[in-house]
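Note that subunit A is present in both complexes that follow, paired respectively with subunit B and with subunit C.
Right, the complex of A and B next:
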């Protein structure tokens, strides 16, 4: 008998091996670039999913934490010459502290008010990126951010970046899958289903939400730092309200609470614009439609939606066989 | 008159004009929120639609001003009604997170469609009655400012009459207090929700039309205007109509004075800092009564 835990480990191992082997088949540099971005987006979607899927709290400002990571990495390495690896940790800690501090007042709010407050926070940070021109370079961006380096290996090619990004992303995914099966994960689900009931059971719902918000911000900032070093150029446009919405779309398309779903959502939303480039500007309309349609017909996301569809088909076939026999 | 004073007066005037717009947009938020408990993230897009549709009829189709405005408000209202019918009603008992996402989806969809239809350019709508400034006590007033103040006052006046004295308005308020009880006394709650979307789309688009000559219009003006309207209604408190007006005017003034005397580049940040402060310190708004939390 295979236990649930073993099954989970098995699935994860297959997933991880497939990804680590992928560059053997995708030698073409363009595809690898896309895969690097899918990795970064997966990390972000998983981070947001911790908050949205596990704890049931929305954030419309998560691009801000992504941006904090990217800009801190960019500024501290180009202007102060600090060690990039050290800066990644520093930047992530900074974003976590910011999240922790604003988390207390912000996560007291619920539903629509929480959405608006996180949105407001995201826009304030976005305006700061744009206006502190001396530090961030303003709207024209910050360039010549150094590539990461371990010993003599410089992460300036797509292949190196692919492995760097994906190894960290896989760690984040493993951590999140683990988390959902821990005491904290169960407590989060309880808060998700009914905050009042969870509080009655002795869960400090408020503090728990702040904690998960902080963890989520930490991961998002790491993704931001990796993004900055991989691209060597950043500008505020990548960290605005639209990107926050795009992240929410990834999580919703993949399915709230589903870690592999977040990967799927991130992959779809990263690849989609590449295809839609032919019909320039169409992507925004499609995102909007996707959000509406997914919400109305597949509220559990693609993975659970497809599972349900498959079950229905299997059931029909069985019925038919039954009728034939 | 001293130059500084003249400047101050100018800031106050434009602050009040923008504030009136925020108040109108905030009204739209409050009407839908009171009827359904939803914050409609697509509210700003109706403001954008108002401006862009009027521009389209006026400049591209060559219609006169009044019919253009009426047509635009009608079309925006129809879009509001179909939005409710197609996306909101099927989900009526969903969790807030789904409703938030669906209104955001609608908002990007409308914005994207507007961009495809009208392009990305920024346009100026001609002022309703010329741009010759009027002089009042040494300061200049644009005729468009007077239009904004006048129309805002009219909208506030009529909505007060509507909600306090007409049977539909009273029925809508009954739904806001308790939808189940309202349906027990024979009020069709679904229709009331639909009317709330219609009114809020109409007021939003009207706001977009009267501000367009002052601030220019393009497919993406809806985000900021919508958010600031929300900010107005949060300052004033969802439950208080007059509070929303005060909230809008206060926001407009603070923004104009902040942009004038502190920093113009942080003008937009001012609104959001106020929004966060109010949400943190007094979520029921400055003028609203405290809502009890229902489990």
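Right, the complex of A and C next:
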């Protein structure tokens, strides 16, 4: 009998190997670029899922942390010539500090009020990106951000960026899976299910929510820095309210409270618009319809839809075997 | 052990509790009874930090715990169960009890994410210890079931197992027998007695008079927000004021 833990390590290894081998089959530069985006979006969706799927707290302003990472990396490397790797850590720490400070008042709020507060935060940061033209370049964006570099390897090709982004994303996923199955993960889910019972069990719900908000912001900022270095150009439009909503959609479509679900959600929502280009003007309509259909038939997200499908197939095979015998 | 001094609680113009004082002896089973609306659950909510009182103080072993939030009280060994059973529905029975061991473990975000050796040892301890508490109430066989799929009687036992996992000094149970059939109530009585044997003080609010008279050593009667009587089951049963309150005589 294989233990649950070994089964999970096995699944993760297969998943990681499949992703690391993917460039062998997808040599086209365009496809690799899409896969790099899926990686960055997965990281963001996992970060938001820790907050939404596990702790049950919504954020409609997560693009702001993504943007903070991207802009801090962009500004500190182009204008101050700081080491990009150092800046990634600095930027992530900055975003974490911001999240920690605003988290205390914001996470006292619940439900719609929390949604409003995070929405407001996201919009404020977006305005800052747009208006501080001297620093961020304003609406026309910030260009010529240097590529990352280790020794003589410069991450300026799609293939290098693919490996860079996905190795970090896989680490984030593994650490998140570990976290979700630990004492902290259980405490987060407890707060989600019944905050009052969680508190009676000795969990400081408020502080725990602030902590996971901070961790989530940290990961989002790392994704932002990688995005800035991979694209070498950023503009405020990528970090606005629309993108915050898209992140929430990724988490919900993929499956709340599932790390692999976040990958599925990120993958589908990144790839779908590309495929729907053939429909030209109708792409948005079909996109919307598909989202509605997915949510209607798989309310637990794609991941639980897949699980249910797998169970049905197994059941059918068993029945057939039974009938044959 | 637990002392409540002159607690008053008003909701707007309504006085739910008025100048209620009581004390609970260490290692005893104390019952709080009274007609509907007497303020029993309000009193529990104040003691356990879910409500703040308008006036008065609460002491736990001489320490003033008035205005402490529930998470701090859990660390001091005071825990409660709920009238409507507050379980973590999306989690398994086993995981529910593991959450009860939150105060008995201390791995933080970092050691949990990186699975440091200390965390792995602690996780093993949590799994074993939580199984012990499931055994204690006799529901270890359903450890892997999802908590929101449980029949009501089992979810009551689960809530008690989870509370015991904190290794509390005192457990407050809000109507533990509500919704249970007579067989389940007997089972519950046996569990409560065994909790007492562990040296844990038990306070319960209860409507099931047979259960209260059977297991409680001291009974406190509340009526209309005031303390009416305190004594042994026999004394309380013979108290004319109590009889009047329950039967509605003048």
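Descriptive notes on the structure:
In this section, the second predicted complex is superposed on the first by the 288 of 325 C-alpha atoms of A that agree within 3 Å, B and C clash if a C-alpha of one lies under 4 Å from a C-alpha of the other, contacts with A are read in each partner's own complex, and residues count from 1 in each chain.
To be clear about the criterion, contacts are C-beta pairs under 8 Å (C-beta built on N, C-alpha and C of every residue); 3 or more make two chains touch, one makes a residue touch a chain.
None of these values were measured; they are calculated from a predicted model.
Legend: residue contacts after superposition of the two complexes on their common chain; A:205 is shown touching subunit C, with no touch to subunit B. By the touch criterion defined above, A:124 reaches subunit B but does not reach subunit C. Once chain A of one complex is fitted onto chain A of the other, the partner contacts of A:44 are absent, as it touches neither subunit B nor subunit C. Subunit A is touched at more residues by one of its partners, and among subunit B and subunit C that partner is B. Contacts of A:185 after superposition: subunit C is touched, whereas subunit B is not reached. In the superposition on chain A, contact of A:248 is made with subunit B only, not with subunit C.
Once chain A of one complex is fitted onto chain A of the other, the partner contacts of A:175 are limited to subunit C, with no touch recorded for subunit B. When the two complexes are overlaid on their common chain A, residue A:219 makes contact with neither subunit B nor subunit C. When the shared chain is aligned, no partner comes close enough to touch A:75: not subunit B, not subunit C. Residues 196 of subunit A are contacted both by subunit B in one complex and by subunit C in the other. Remark: subunit A residues 175-176, 178-179, 182-187, 189-190, 192-194, 196-205, 211, 215, 257 touch subunit C in the complex.
Residues 52, 56, 58, 60, 105-106, 108-113, 115-117, 119-121, 123-124, 127-128, 130-131, 196, 241, 245, 248, 252, 256, 281-282, 284-292, 295-296, 299 of subunit A are the ones that touch subunit B when the two sit in their complex.
The residues of subunit C lying in touch with subunit A in their complex are 48, 50, 69-71, 74-75, 79-80, 82, 86-91, 95, 98-103, 105, 107-109, 112-115, 119, 122-123, 126, 162, 166. Those residues of subunit B whose C-beta lies close enough to touch subunit A in the complex are 33, 38-39, 41, 87, 90-91, 94-102, 104-113, 115-116, 223, 227, 230-231, 234, 265-266, 268-269, 272-273, 275-276, 279-280, 283, 295.
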